[in-house]
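The letters A, B, C, D and E name the chains in turn, as written, and every chain counts its residues from 1.
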Amino acid sequence: MSKIQIEQLSKRFVKRDKYIEALKDITLTIKQGEFVCLLGPSGCGKTTLLRILANLEKPSTGDVIINQTDKKKPLQSMVFQENGVIPWLTVEENVAFGLKMRHLSNDFVKERTEYYLQKVGLSKFRRLYPKELSGGMKQRVSIARAFANDPEILLMDEPFAALDEQNKFILQEELLAIWQETRKTVLFITHSIDEALLLSDRILLMSAQPGKIIKDVAIEMNRPRSIEKVRSDPEMTKIFLDIWEQLQSEVKQTRLK
Amino acid sequence: QSSESDENDNAKSTDPLAPLEETAKVVIAEDGSASGAGFYIAKDKGYFEKYNIEVEFATFGNSDEMLPAVAAGEVDVAGGISSASFFNSIAQGIDVRFIADKGHNNEGSSYFTFVVREDLKDDITDYEDVKGKKIAVSTQNAVDHYIYNEMLKHANVSTEEVEFVLMSDFGNMMSAMGNQQIDLALQIEPLITQGENQAIHQRFLDATDYAPEAQIAMVLGSPKFLTERRDVAVRFMAAYLQGVRDYHDVFIKDIDDNGEVISIMANHTALKDEDLWKEVGVTGLNPNGYIFEDDVEKQYQFYKENGAIQGELDFDTIIDMSLVEEALDIIGTYEE
Amino acid sequence: MFKKLKTQSLPQLITISSPIFLLLLWEICSQYALLDPRFFPAPTLILTTLIQMAESGNLFEHIYISLTRIILGFALGVIPAICIGLLMGMYKYFRHFFSPIIMIFMPIPTLAMLPIILILFGIGEFSKMITIAISVFFPVAINTAAGVANIDRIYLDVAKNYHANAKDFFFKIALPGSLPVMLEGIQMGQAIALLTIVAAEMIGATSGIGYLIWMNYKAFLLPQMYVGLILISFFGYFFSLLLRGFERKLLPWK
Amino acid sequence: MFKKLKTQSLPQLITISSPIFLLLLWEICSQYALLDPRFFPAPTLILTTLIQMAESGNLFEHIYISLTRIILGFALGVIPAICIGLLMGMYKYFRHFFSPIIMIFMPIPTLAMLPIILILFGIGEFSKMITIAISVFFPVAINTAAGVANIDRIYLDVAKNYHANAKDFFFKIALPGSLPVMLEGIQMGQAIALLTIVAAEMIGATSGIGYLIWMNYKAFLLPQMYVGLILISFFGYFFSLLLRGFERKLLPWK
Amino acid sequence: MSKIQIEQLSKRFVKRDKYIEALKDITLTIKQGEFVCLLGPSGCGKTTLLRILANLEKPSTGDVIINQTDKKKPLQSMVFQENGVIPWLTVEENVAFGLKMRHLSNDFVKERTEYYLQKVGLSKFRRLYPKELSGGMKQRVSIARAFANDPEILLMDEPFAALDEQNKFILQEELLAIWQETRKTVLFITHSIDEALLLSDRILLMSAQPGKIIKDVAIEMNRPRSIEKVRSDPEMTKIFLDIWEQLQSEVKQTRLK
């Protein structure tokens, strides 16, 4: 069953008298429960695509359809790159933010918040403000907030880019654990091929500006995965080198312009 | 001290009014009011120049603000009113003196008198009507307050039966009248005439009814000016009195000078409309320079009773007419 | 740039000693007439005067009256300033409408506004509060608008993404997000309120610290005038500290 | 939050129309005596007065004199403020020494400082400039110190790592790094300089815009007073723009 | 020949009444021309060690000796993590900063600056201010500045941490190219094992707080290296997994505390 359907989508920005063609002719179907990673050179329009799905930006042409199965659930929730955690709300209030905005019953909000605080291991820090948290903890808050909102799809824009490699891996494991439980449809942007290999069912590779989907690779490795397994698997190394090469050539193309 | 200066003077009396050898500069503090007529006329008609005196005006918000400047020797001469602060500063060792008249009311056409709000002019017609009214006065424990007090005494109304409103500026009284915040005000020319023309207020009887000899403003001299620069001071006073006499000729004796004095006045004060000068109640200025000494002492007693005076002072040193007398010796006494 | 334990009390020592040093210098200069003591009475004399005035009782009345005017006038300026500032920050048409008006009125000195205030608001307590309110209004309105405008775009996106309605957006994002810059403006407004009290108490006042200052100056009772100045200075310091404390309470997340 | 091409002229339209709207309202209210025209003369009347005053010639003299006082007074306040502010920002002992002094003197209203200024500096041009200088000093000094203190530590480390000597450190790091915040303070100082001109021209002035305002008010020549207010407002706006332009030149890296 | 010699170094910070033991008993020798990578969990004291070498911090006990071979050259120059580029100086002025601080002749400064601008490909952007540069370009400026100063040793504190993976690789290649030319002694901090494998002759692994050197691995792969080669080499994969495991256990140890 297709959850997200994108057809002939394109997006142009007007900057003074100049047009910037950010996305061009994107056609794409994502199935219910799929974890999809979007890879591409910087400035190719990944964020733009996600923002269109999140209804924060309007497409210039084409259609985006998200299949709603439960009218009571919100369509989508987004995990932002960094700083997405609101600094004047405590950890608890941040996690409860989406639920509060939907004006759900207090008990329900409390119970959900509690549950996801537990999940990301922040119960002890519920009363702290974001300034007192490390980068990794902040992203945990962001993830908990999105999951607590229980949306139909989850959109994540490089949530771990600002973390160091070791912390990144811990959070990846945690994300996978929560995801495995809920089996939400996830669209995840990253620059890291290793991250994509570890997390996704499917990797979409975008071209340099204007962004088009130029490669669609299914990752069939068994779950649960780990860095060790990914690294030791020769099949995975092959996929890595393959994507690497293609990405490198796209990046170089951008630099020549 | 005055005897000392007399000696000084005698030594030079061979040619008392020759111009100074070197140009002397005299700084006069003013607040831009009409009572500075003597200064303005003497300057513009060249009386100061005749004695080789160069005068410069420095304008202040009101006479109290001039005192530190006089005391600090920043200005030589100032126009001031008698007020508690003046006496206090003398008690503090600031040796400023009253040296000549700079304003009293002319009978029946006072330049400093009460006005009544336009819409109340038919209700408040006589002194007893002021009972229960709001009356604006521009200073506390100064000549305004004294005249206010004299008026109430004359009206047989106690201070508790009216509301005293302190208002720092005569302009503010106009605004407060327009806004019906006050009923009466102790106002000054040319705002009295201006307010009458703009239907803001009307004259309320006349201050000479109850304070005929009120000494409203005086010329103040700095101690340095009076002692160390005596030869300049004498010439300055002579020139000043000549200016005052021209003023007196025009406004009191109605001698026509082709509008020269009026144009000087219009030039130096805020009343630019020369025709209005024929309407206003002009400041009374004694062409012989003398002040109402008894009234000044009465005012002093009044402030003292109000508890506004700190310390005792010797009244004789405050009023110093020696300069006027010296000048009169030379230029002669003005005959009415 | 290195911090050692034993030096940590030195800064405090300097902080305390500098005003004391100044006072001592003044005292000596005044006692030995290096400064004209008629105009600069010695601090000890001012202190004696302060005590005398406090004992006679009506000093506290002056303080009470001025503080009432300052606090109410401050509130009277701050509340509309915050409302208009928030509107300006949130809606660009408001911003475009109000900013030229603010630009025009801001440079007009309070002293020059007095006649107009008097005409419009009379000579009662209200006109004094309005004087303070007007002078407080501008910095607070400007800072509030800047505060809203400077909220990081990402929080607006978060709010939108989680479907915050207008009310929630206002109370959960716009208001708390603009608070830090707004409080800077309020801190400035507080300073200005104190600076304005003398001007405000020039219209028909018969009491208050500002009245104390300029009346005593007019009466040439300089020690009393200095008492007034010291009071203003003290309350300036006190309010600053108070607002700083308030700020820390209000912005636990900063 | 969406921007379309055709709406881009609307904000400008609003910005221009709001003062015009206000003027029109005033004109009508004044013409039909909804506002007392004796106290609120119609804008057209004020304009006529302005033209008359300009033709008679001495309006420009008033402007010239006030601008000279404002600019020199401003410079007189800003230069020491920057020096002390930089020292306070760079050396903590300076900071600890000066900050209580600044805290004490800042809340004292300019109006209340006038007598002291008069005694210390007389009644000449210099005392007027000093009045302005004092009021300008505080915000600039405080902002300069804050500017230095807020320079990101990493630039200090970079300077140290590359062995910058004291002079280079000052000119390459401390000064340019504190400039943005310092300029905010200067912008504030400029606003305050204009606000202070009326007070400054109350001591022994015979000309200037401030003098024009309060002399004409004393004489109850309100249209002339409003001309003065309009001039102040105009110069406030003008100086703001000037400083903003200057800022853009001085901070190409912002 | 040993270039850097660290003996029995330890560093304690005082924070209110608490002592933080950042480094403990570090003894270490780095040879002339060696490229050494320092790896370790977050907060283990890597930056502190570098700052001590850079003379920005004093050691509590122990000695640090940097062997000076040329009296005219500065001892060390540092490349900071991010924001190390001074925003009010242009690209050119930033690169010339170290030379200018040493008050060298204008011609010399100009020539050196020109040379390194060319090297990092920023000649065209010399007059721009840092705000107009991308993250990668800023780090190029930072590297050019350090090399232009021609120090005895180079200290780099996670210079590429904030870059995306593709840009990171491009800069790594550029760094290697410049380094190969000059053969400076480099001490390089990173969180990325891949980065360490690609760049270094030797990897030092630090323990969690208090920081000690717990592993010292020589990387003997031939140069020039590339990601592809590193990834395809089974020996390298072995080293990766080895270090990964050890690092992971150190990180977990930190989390338990």
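We adopt the following convention: contacts are C-beta pairs under 8 Å (C-beta built on N, C-alpha and C of every residue); 3 or more make two chains touch, one makes a residue touch a chain.
Please read these numbers as outputs of a predicted model, since none were measured by experiment.
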Tell me, please, which two chains come out on top when C-beta pairs in contact are counted per chain pair.
C-D
Computing the C-alpha centre of each chain, which chain sits at the greatest distance from chain A?
B
Chain centre separation (chain A, chain B; CA means) in Å
85
Could you give the separation in Å between the centres of chain A and chain E, each centre being the mean of its C-alpha atoms?
32
If you average the CA atoms of chain B and of chain D, how many Å lie between those two points?
37
Averaging over Cα atoms per chain, report the distance between chain A and chain C in Å.
48
Can you list the chain A residues in contact with two or more other chains?
none
For chain C, residue numbers touching 2 or more other chains are 36, 39, 115, 119, 214, 217
When you check chain B against every other chain, which residues touch at least two of them?
68, 72, 169, 171, 175, 178
Complex contacts: residues of chain D adjacent to chain E:
152, 154-155, 157-165, 168, 172-173, 176-177, 179, 251-254
Per the touch rule, the chain D residues reaching chain B in their complex are 36, 38-39, 114-115, 118-119, 122-123, 202-206, 211, 214-221
Under the touch definition given earlier, write down the residues of chain A that touch chain C in their complex.
54-56, 74, 76-78, 80, 83-84, 86-90, 97-98, 100-102, 129-131, 149
Which chain B residues qualify as touching chain C in the complex?
64, 67-68, 71-72, 83-86, 88-89, 92-94, 136, 139-141, 165-169, 171-172, 175-176, 178-179, 181-182, 308, 310
In the complex, chain A touches chain E at residues 41-42, 134, 161-162, 164-167, 169-170, 191-193, 227-228, 231-232, 237, 240-241, 244-245, 247-248, 251, 255
